[in-house]
Amino acid sequence: MSTLMTEPAAGRFGDFGGRFVPESLVPACDALAAAFREAWADPAFRAELDELLVVYAGRPTPLTPARNLSADLGIELLLKREDLAHTGSHKINNVLGQALLARRMGKGRLIAETGAGQHGVATATAAALLGLEATVYMGERDIERQQLNVLRMTTLGAEVVPVGSGSRTLKDATNEAMRAWVSDVDRAHFLLGSVGGPHPYPWMVRELQRVIGVEARRQSRTVPDVVVACVGGGSNSAGTFAGFADTSARLVGVEAAGGAAMTNGSPGVVHGARSMVLQDADGQVAEAESVAAGLDYPGIGPEHAHLGAIGRAEYHTVKDDEVVEAVRRLARSEGIICALESAHAVAWVLRAAGTPELPTGSRVVLTLSGRGDKDMATLLGGAS
Amino acid sequence: MSTLMTEPAAGRFGDFGGRFVPESLVPACDALAAAFREAWADPAFRAELDELLVVYAGRPTPLTPARNLSADLGIELLLKREDLAHTGSHKINNVLGQALLARRMGKGRLIAETGAGQHGVATATAAALLGLEATVYMGERDIERQQLNVLRMTTLGAEVVPVGSGSRTLKDATNEAMRAWVSDVDRAHFLLGSVGGPHPYPWMVRELQRVIGVEARRQSRTVPDVVVACVGGGSNSAGTFAGFADTSARLVGVEAAGGAAMTNGSPGVVHGARSMVLQDADGQVAEAESVAAGLDYPGIGPEHAHLGAIGRAEYHTVKDDEVVEAVRRLARSEGIICALESAHAVAWVLRAAGTPELPTGSRVVLTLSGRGDKDMATLLGGAS
Amino acid sequence: MTALVPYVTGGISADWTDYLLAYQEAGATAIEIGLPFSDPMLDGVTIQQASDRALSRGATVVSILQDLDRVRGRLRVPLIVMTYANLVFHRTPEGFCRELADAGISGLIVPDLPVDEAKPVARAAAEAGIDLIPLVAPVTPDDRLEQIAALGSGYIYAVSVMGTTGERATLGSSAAGLAARVKAVTDRPVLIGFGVSSPEQAAEAGRAGDGVVVASALMRRVLDGATPAEIRETVAGFAAALEVSADYAYAEVSGDRR
Amino acid sequence: MTALVPYVTGGISADWTDYLLAYQEAGATAIEIGLPFSDPMLDGVTIQQASDRALSRGATVVSILQDLDRVRGRLRVPLIVMTYANLVFHRTPEGFCRELADAGISGLIVPDLPVDEAKPVARAAAEAGIDLIPLVAPVTPDDRLEQIAALGSGYIYAVSVMGTTGERATLGSSAAGLAARVKAVTDRPVLIGFGVSSPEQAAEAGRAGDGVVVASALMRRVLDGATPAEIRETVAGFAAALEVSADYAYAEVSGDRR
């Protein structure tokens, strides 16, 4: 199995991936791929990143046995706690790596898109730490529902640019970020937040998130039966899966029912890669609709499309109300308030446990991609 | 130096401490002291707590070199990252210990007071994890300014009881929690959040927070010149100081100018202990006034009063505007948004660095007691 | 045969000392005067509000004790002060007890001063000729009851319920048992207080102990605007239930030295 | 001597095909028709708004190509389609190119289809008899220019600025240099586009290349409500600055096969 392991030639994962970008961006993508390839093979770069992950970002994050839920559900549930990473989600793993790379490439500015704001906060954080400028594009709808993260970004010194076009969510913020990159490609690094986009992003981001899976694999001691994570663009799941790709563990990605590119999409080209996309009969990209801003996205990273196509990973969907209930259930059973995004994985486990989908006695590693502070207002709104 | 090391006889730290509680609570305090003494000496209890601290709460928290600020200030600044602990502050260390103890004592309910809400969130968390009920008393003024934490507590299943008496802040919440305890002393454990209150609390909470100092001491490798932490009740500072009590490090506690019991108070008896207290000529306890809800308290733990009296620790004050500026400065230099409480320690370092108070070249370990998500709304209000 | 000790928060109104006269007329055996404290940890909502009102009127220890000058000549019943430890220690136990004695106070109750911490205050009270009236609670074990019975002088104050002050529908079932346990270890008279809300409850408590303290039930009415004359009727109701007469009770009350 | 290629977003209004006639009358050498895409990554605000308006009017690839029936008889200038890769791949490159050819389109520009990904589309375009017009950018290195010059047929589209489409105060300084570099590696004519906002800029671009594309400057006016007749004057201004005459340009334009 070469997928999840090596650099994909020409950025291809089977039929998916590639680099569908304006010619203006091709040299930058090439330079980025080369720089990452070289840095990733450079022990000094790896050491600097690893040090930051440990002394700054709080890695390794624990693998917490969810004892109460396990007893209730008749399975053994282990939670990989990305909610405890600095800034509150797995996004920091990728961001620190790319920000170090940007500095190594002599870039003075980071451009990022964000949905839930976690990637934007992580980017603003790394920019502050490394003395870079940061501009974060965020859909107006997401700005409304993730106010806390907007305040955090501006406190960190980043510029947050509201995006009012289209669905005013992550998809549109990504368009705007790519436009901004084209206009400042010499000085700026486009710090993409997930495993989508043109080559080298899907590969690079998965490599930078691999640490989740590697740690979880080590911490879980024996190979679990199932590894599960939520899927927006697919970075926390890709990083998690990477640690278990060469094991017998089932890999399960959980999508938002309203943004389920794997389940309800078809092949298409958006944001620089060929992958699975929610689109209409004409090929216009559909607007996703999820309570979780970070999963409110009509695409998915190309490697997931490939893993799904070859049957190595399976993808399921959960609905908004299951997700809200999963946040509460996890909070009340284990004292952990997870992000609405992460709660998708929890919701699937709650539904599947004890059914043939997830038989009693299964050992499950679940990546809790982030903490839920940012979602408290949404939860309250939904509850009242 | 026996202070910071052993169980204080009769709960006395020099002239301070003791147990000034209604007779109705004396047997409960006695039982609690005995139970803690026994549990703390029991390797099984310690192992269970240590395991939770590691696999659940994310300990050890890193000691992060603040490289940019260090360069700017001409000192070596190391940040003990309690902001990365589960629930976002050091409060979880104490809470997990007391909650395990409560369960061991057969209690079914936790009662807590909270100011910033971090202690309340931690209590609600431990209650969920251990299957206990939780009732959290919180001043109405604090409920307004720490909305996020109120939402977190209710999501975790705790009951939050607004306290409208007096200054409607931590002091009054503490009164109310003690009243609630008197009324349900058999079934409930009063889970006090700081190193104040009657014996055994100041000792027990300091022991449970000692982990901060022990880790920091190990992580800092050589003994720092100065160890600094903010002081509300004084638990994060007491825990930090405990790790360095037997070294040559200067111990510095930083109070809110508007709640500076050490600096502006006089000996008095509040909330069960004799300590330093802000009070008027008649002995009525004054209302503190700080932008940081967790430091908005007119008292301080008795061990601090003692450490100050014998000159082992020194106490300084910083003003609200310095504190708000410190949050921003740390965010923009290091990418870390700390709690307003924690920013008191940062503010003192910013002001003192390069002066005789904190000479150039000093090596400083600073405990960042919590993260600032909860304060974003306050910061915004203050900025506009 | 049973002492009736009604309570009033010092300084709660301009004419608060009139309540003292009213209580006396109605048959009080002694009167408990609360010196209001900012953080009345053991008090329920009623006494909290009464304390707040007095403090916001500017009442202080000094002003309250001075107010007593207005009624000194007319008061025959003993006065007992109840206040929190901080007000005692703030003026030093010696200074505080001397001030009380100078103002004609004969007893002192400090609810957050358990026997373990009480020594300096007990000494100062004894020197000033004031009874330090210790508190016992339903949860106090017997060996500790003995220790407490050895502290101070005059009454022993039996807290009838596990809880704060405040009105309750029924008298704590622990009151009688506690009073009996106290009586088993000491000859000192036992006052029962906390939550004695009606004459019926007072009568019940009176059968168990040597006297009752009625506080919140009166202060609730004072807060609601009851005049001294109105309150006198209320207290008289308690007195009738307890079958005390002013004269009789007066002679009985401990600490009476005027 | 220089080609003028004005742009219109297909389906932007009910009478959008009238703009085609107006452009032709005003001296257009060829016309670029945008097939609107939901996520026009390389377009600035003006073309985004134009695309949104067309899509919200219900425009589809099919409807836009059908609309051309209305003017086919009167149009003599070649039509070039510009759209994003997803619309091409969604219908398959073969299917898409065939549809274009059937609708009388002679060229295709796909801004997010770099040479590395273009092979299937280039093959399909060639089979359908359509020019795939590749794009080059100021940052494209010379060796890559050669590769690109070997792709497709007809014009090469030189993106004059590093940025999105949209009006700009001055023509990108890189335009002339880029055109010269392209000409050094190929004989194919060079169209210059992106940000050509005024007749003066068009004249400047015209001196560097073989033609200019004018898009946002026209679509801004269309969005603001300019009629075909008004737009004709605007285009005529560009034509005058470029010294093109409709007849001359028509004869010159690559891909003209009607």
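When the chains are written out, they are named A, B, C and D in that same order, and each has its own residue count from 1.
Keep in mind that, in the parts below, a residue touches a chain if its C-beta (ideal position, glycine included) is under 8 Å from a C-beta of that chain, and two chains touch if they have at least 3 such contacts.
All values reported here derive from a predicted model rather than from experimental measurement.
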- Message: Applying the touch definition from the top, give me the chains sitting in contact with each of chain A and chain B.
- Response: none
- Message: From the centre of chain B, which other chain's Cα mean sits the farthest off?
- Response: D
- Between the Cα centroids of chain C and chain D the separation in whole angstrom comes to 96
- Message: Distance between chain B and chain C based on Cα centroids, please, to the nearest Å.
- Response: 37
- Message: Distance between chain B and chain D based on Cα centroids, please, to the nearest Å.
- Response: 66
- Note on the structure: Expected list for chain A, residues touching two or more other chains, is none
- Task: Would you give the residues of chain C that are in contact with at least 2 other chains, written as numbers and ranges?
- Result: none
- Listed by label, touching pairs are A-B, A-D, B-C
- Message: Quick check: in the complex, which residue numbers of chain A touch chain B?
- Response: 54-56, 58, 61-65, 68, 81, 84-86, 88, 124-129, 131, 148, 151-152, 155-157, 327-328, 331-337, 372-373, 376-377, 379-380
- Of all residues in chain C, which touch chain B in the complex? 37-44, 48, 52, 55, 60-62, 84-87, 89-91, 111-117, 134-141, 144, 148, 159, 162-164
- Task: In the complex, go through chain B and note every residue touching chain C.
- Result: 10, 18-24, 26-28, 165-166, 171-172, 175, 178-179, 182-183, 185-186, 267-272, 274, 277, 279, 282-285
